[in-house]
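Lettered A, B, C, D and E in written order, each chain numbered from 1.
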Amino acid sequence: MDVATIVGVMLGFFVIVGAIVAGGGAGMFLHIPSLAITIGGMICATLIHFSLPQFLGIFSVIKKTIVTKIPSQPELIQKMVNFAAINRRDGTLALEPEIGKLSDMFFIKGMQLLVDGQDSEVIRDLLTPEIQYLQERHSKGKKILEFMGAAAPAFGMIGTLIGLIQMLRSLESPEKIGAGMAVALLTTFYGAFSANLIFIPLAGKLGIYSKEESTAMEMVVEGVCAVSQGDNPTTVREKLQAFVSQSRRQEVKATV
Amino acid sequence: MDVATIVGVMLGFFVIVGAIVAGGGAGMFLHIPSLAITIGGMICATLIHFSLPQFLGIFSVIKKTIVTKIPSQPELIQKMVNFAAINRRDGTLALEPEIGKLSDMFFIKGMQLLVDGQDSEVIRDLLTPEIQYLQERHSKGKKILEFMGAAAPAFGMIGTLIGLIQMLRSLESPEKIGAGMAVALLTTFYGAFSANLIFIPLAGKLGIYSKEESTAMEMVVEGVCAVSQGDNPTTVREKLQAFVSQSRRQEVKATV
Amino acid sequence: MDVATIVGVMLGFFVIVGAIVAGGGAGMFLHIPSLAITIGGMICATLIHFSLPQFLGIFSVIKKTIVTKIPSQPELIQKMVNFAAINRRDGTLALEPEIGKLSDMFFIKGMQLLVDGQDSEVIRDLLTPEIQYLQERHSKGKKILEFMGAAAPAFGMIGTLIGLIQMLRSLESPEKIGAGMAVALLTTFYGAFSANLIFIPLAGKLGIYSKEESTAMEMVVEGVCAVSQGDNPTTVREKLQAFVSQSRRQEVKATV
Amino acid sequence: MDVATIVGVMLGFFVIVGAIVAGGGAGMFLHIPSLAITIGGMICATLIHFSLPQFLGIFSVIKKTIVTKIPSQPELIQKMVNFAAINRRDGTLALEPEIGKLSDMFFIKGMQLLVDGQDSEVIRDLLTPEIQYLQERHSKGKKILEFMGAAAPAFGMIGTLIGLIQMLRSLESPEKIGAGMAVALLTTFYGAFSANLIFIPLAGKLGIYSKEESTAMEMVVEGVCAVSQGDNPTTVREKLQAFVSQSRRQEVKATV
Amino acid sequence: MDVATIVGVMLGFFVIVGAIVAGGGAGMFLHIPSLAITIGGMICATLIHFSLPQFLGIFSVIKKTIVTKIPSQPELIQKMVNFAAINRRDGTLALEPEIGKLSDMFFIKGMQLLVDGQDSEVIRDLLTPEIQYLQERHSKGKKILEFMGAAAPAFGMIGTLIGLIQMLRSLESPEKIGAGMAVALLTTFYGAFSANLIFIPLAGKLGIYSKEESTAMEMVVEGVCAVSQGDNPTTVREKLQAFVSQSRRQEVKATV
């Protein structure tokens, strides 16, 4: 998930900055006051719309979206099937060494509860709220990013209006018209660029990511509960394949 | 809640006005006739759309949103749990001194009814309509602010059209073109600025605020009714935690 | 209801026309061909979209919205409570002199049926269709006004395009550029002005007005039926207060 | 129905063309390459979006909308009541001479089935699919017209961009700027004009027309079935009046 | 289906390129850096929004939409009726030679299962997931195309802003203004052209195509199951005609 995001952002910057440098005069595209109006205005509007904790939470949500690796569904099913086999053969405690090989915190927590001998209902009650918590946080983050994607071009336009008005005042010196207008347009450029390359696509990615991560977490919950009930590997596989969306089921069948 | 709103509005003004002053000639950005067209036109359109009492009510709604302090959910639960303990130990009348320590009018009213020995059903019937009243008022206020956020840029554009037409008439004197155009663009600037920094984000905040305040009020109603029924502190805590959204429940657990 | 509409329209015209006059050259803002394109084009599009009777009905709907006085809810409840008391004390026929004091045609019709000794079911069956008729008429009127609010700026833009093309043709005579462009922009001004000050807010008002008037009519129906069944004044008041929206119930309680 | 459409289109053309002629130089407003870009581009996009048969069907839908005369509801009820009376007095066969006086094909088909002695259930099963067929065709036609109303201005803008780019290339010859720009704006004019005067209002009319025609057809089905069951004229009238929308019921009552 | 798409795209290119060539200087309309900004930026935004496999899948979806021939409904019904007759007369195995005459892979797979003597329930369970898989893939492809249709004009505008800013910098050399502005507008042209002629109509076509193809597949499933149950040809025809939309049923009746 995160590779496409990073590649997209980097390539996007590369394409746009490359076009700017190729056109010459890249230096004039960095103008701190214009950046302050566009980004500052957008942040202020976001602060007024949302509360401070909601606003600050957006950064950790974005970071997690890029950094966190969602376990692939075929791998997850394979691991659960293995755990079910170990559990049936050697008992629950034999799963303890397997926990150390896992990297996903949620998966580790579920396995720990399983090894601790918790009842499947208790495991479900302890893990399910974390999925809801994740979904709420992602949904709020998506709304904030979408608002930012609408506010950035608006403040870009406001900055351009300010620049145009100041430029038009000094129309007596025509040699300054061009430079003034170029600076005025910078804020519109910043607003359109940040909204269309960062905020709007990132809000979309957050929605797709949220669905994938919560599906993976639901699969962990369902799988751990099935193992704790002593289901045989085939039943575990069938239960988990019901979570796989139709379009990926064939791929899963191939690898498991 | 209110801190983010005030900080956002002030910082936004600071950023935009700062950019104007830095560009020189801040005086020309204050033009009373342009303000009259944009803000006056927007107010007239709002008057035609809504009724006079609805329009006047918007100011008190905004003021309350900024001034009123919503009690934090963990504090509220802690207080209710304490009141339940006092009530079980010393009886309802022992809660009377606690009322003086409260600052939220709605909470005080609920506690007063409790101390007065009202039945829990009577308390609920007397308090619930006030929550609905608040929600109706906030929802209407949100609609008016959203209409203002759409009308302000529209009248800004109308003002710019008027200014452009007047400027173009006197095209024979080219030295006046720049100044005329600058003045013409001022109304668009006023419209975009007021809509994007004030009306649209404030409408969003009102929606979030309305949900938080009515949740707090519902918690007060539920808590006071539970105490009046003589529930023990643990039951009261559990009843109130059902109101806390998943994303804040962990925080609440930590503090209570 | 109607005062805010009239004040809004008049004040809006005053503000915009005042700004035009203050800028000088108000005469050039009245240009019959430009008006013909904008308003004529909008009317033609509305004729194509809707049928002739629907289009003609819009004027009577607007007139009624401004002229008709909706009886205030507290007054209505007070009158109904009085009528219930008279009915219980002196019989239905004693209500006949009261009819003359009423001004609302729908209320008079309901009272007349009551005095004529009609059964409450018959009264309800005869009056309810008129409420539906009113709502249908208002809803259709709202749709037409909203379409006009979208068509007027569109034909304003079409007019400006025509003007620009004609002006650009005669670019050899540069002294005529300004005047030509000013005239070209007039249609956009007419379209934006009529849509944002008249059509869009009026459509909103019609929606609010429709809800208020049909609520008042439902209260008349409910009240007359209750009186005809011989309900006592307290029951009548309670039945009617259920119609009052939460936000106005306190006001009603205070005055009744 | 069709009169308002024709009057609207003709009057709209008259107003816009009149304004063009009054401004002088009407000849320059007819530019075949510009027309080809706007209308051709729109048709190509519509071809890509829809299939060829769907696209070709739109013309017959529009023609039918303008040409077909929907029987007025009071007339329809009156005729059905008469037929019910004839049927009760002289038997089904006595209705045969009445068929020749009808002009609506669907009505004729229904009456023919009635005279042929078909059972009311058979009549309903044979006629109902035609109503669904009509609604499907109209709904698809509305979607195509709405897409055309969105595509025409888009290709108008594309044409203007092409014209502007070509004009800017030859900026060395300033006397050609005006003419080039005038030609460039023609495509935007074509797009805005065709969308706002033809496609968008026609899509709206098709929706209103579809509802009215299918209501009339449902009334024919219901009426023919009622007559075939030997219902008396009063029952037939009551059954059909249930189809009349509230706002037209009074009118119907007056004429029947 | 595919013919209209190809004709539309080709004709659209022909119309637009023809207009460009007719206006002279077609060479300047091909500008690689401008193409890189518009198309590159759009691809990057799409990569950030969606995941890499989703993005790569869009090309195969588009190719299949154009290449795949959906079997016409009348033909399909005719074939199924024939197969039912053969099956009743000569048994299931007699259908084997018929499979070689089919071209649709899904139809072949269904017939193979039938000839293999699979139970109708097994056939349904094996074929239905493929229909869901197709619908999911098409629906995701439609969303990606719609996002591309929104992102292309946005990055076109960003490119134009970059070009304008660079051009305005060198305003001292007025002879370069025209050429610079022409290049700046190219990206807006690329964005508007690709969105309105390719992405938006193709997304629409994908939706229509998806519905038609999945209907055809459902008819195959239903038909094969009916044949495997030994239904007689008339029953098979009736079962399949229920799938035909009302508007095409008449056509089907005519040909079968």
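Going forward, a contact is a pair of C-beta atoms (placed from the backbone, for glycine too) under 8 Å apart; a residue touches a chain by one contact, two chains touch by 3 or more.
Not measured: the values here are computed from a predicted model.
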{"item": "Touching both subunit D and subunit E (chains)", "value": "none"}
{"item": "Chain centre separation (subunit B, subunit E; CA means) in Å", "value": "48"}
{"item": "Distance from the mean Cα position of subunit B to that of subunit A, given in whole angstrom", "value": "30"}
{"item": "Per-residue overlap in subunit E, given as positions that touch at least 2 other chains", "value": "none"}
{"item": "Chain-level touch network, classified as line, ring, star, complete or other", "value": "ring"}
{"item": "Neighbour-by-neighbour ring order, given that subunit A leads and subunit E comes next", "value": "A, E, D, C, B"}
{"item": "Touch list for subunit A against partner subunit E, complex", "value": "1, 3-5, 7-9, 11-12, 15-16, 18-20, 22-25, 28-29, 175, 177-179, 181-182, 185-186, 188-189, 192-193, 195-198, 200-202, 204-205, 208, 245-247, 249-250"}
{"item": "Partner subunit E, residues of subunit D touching it in the complex", "value": "33, 36-37, 40-41, 43-52, 54-55, 129, 132-133, 136-137, 140, 147, 151, 154-155, 157-159, 161-166, 168-172"}
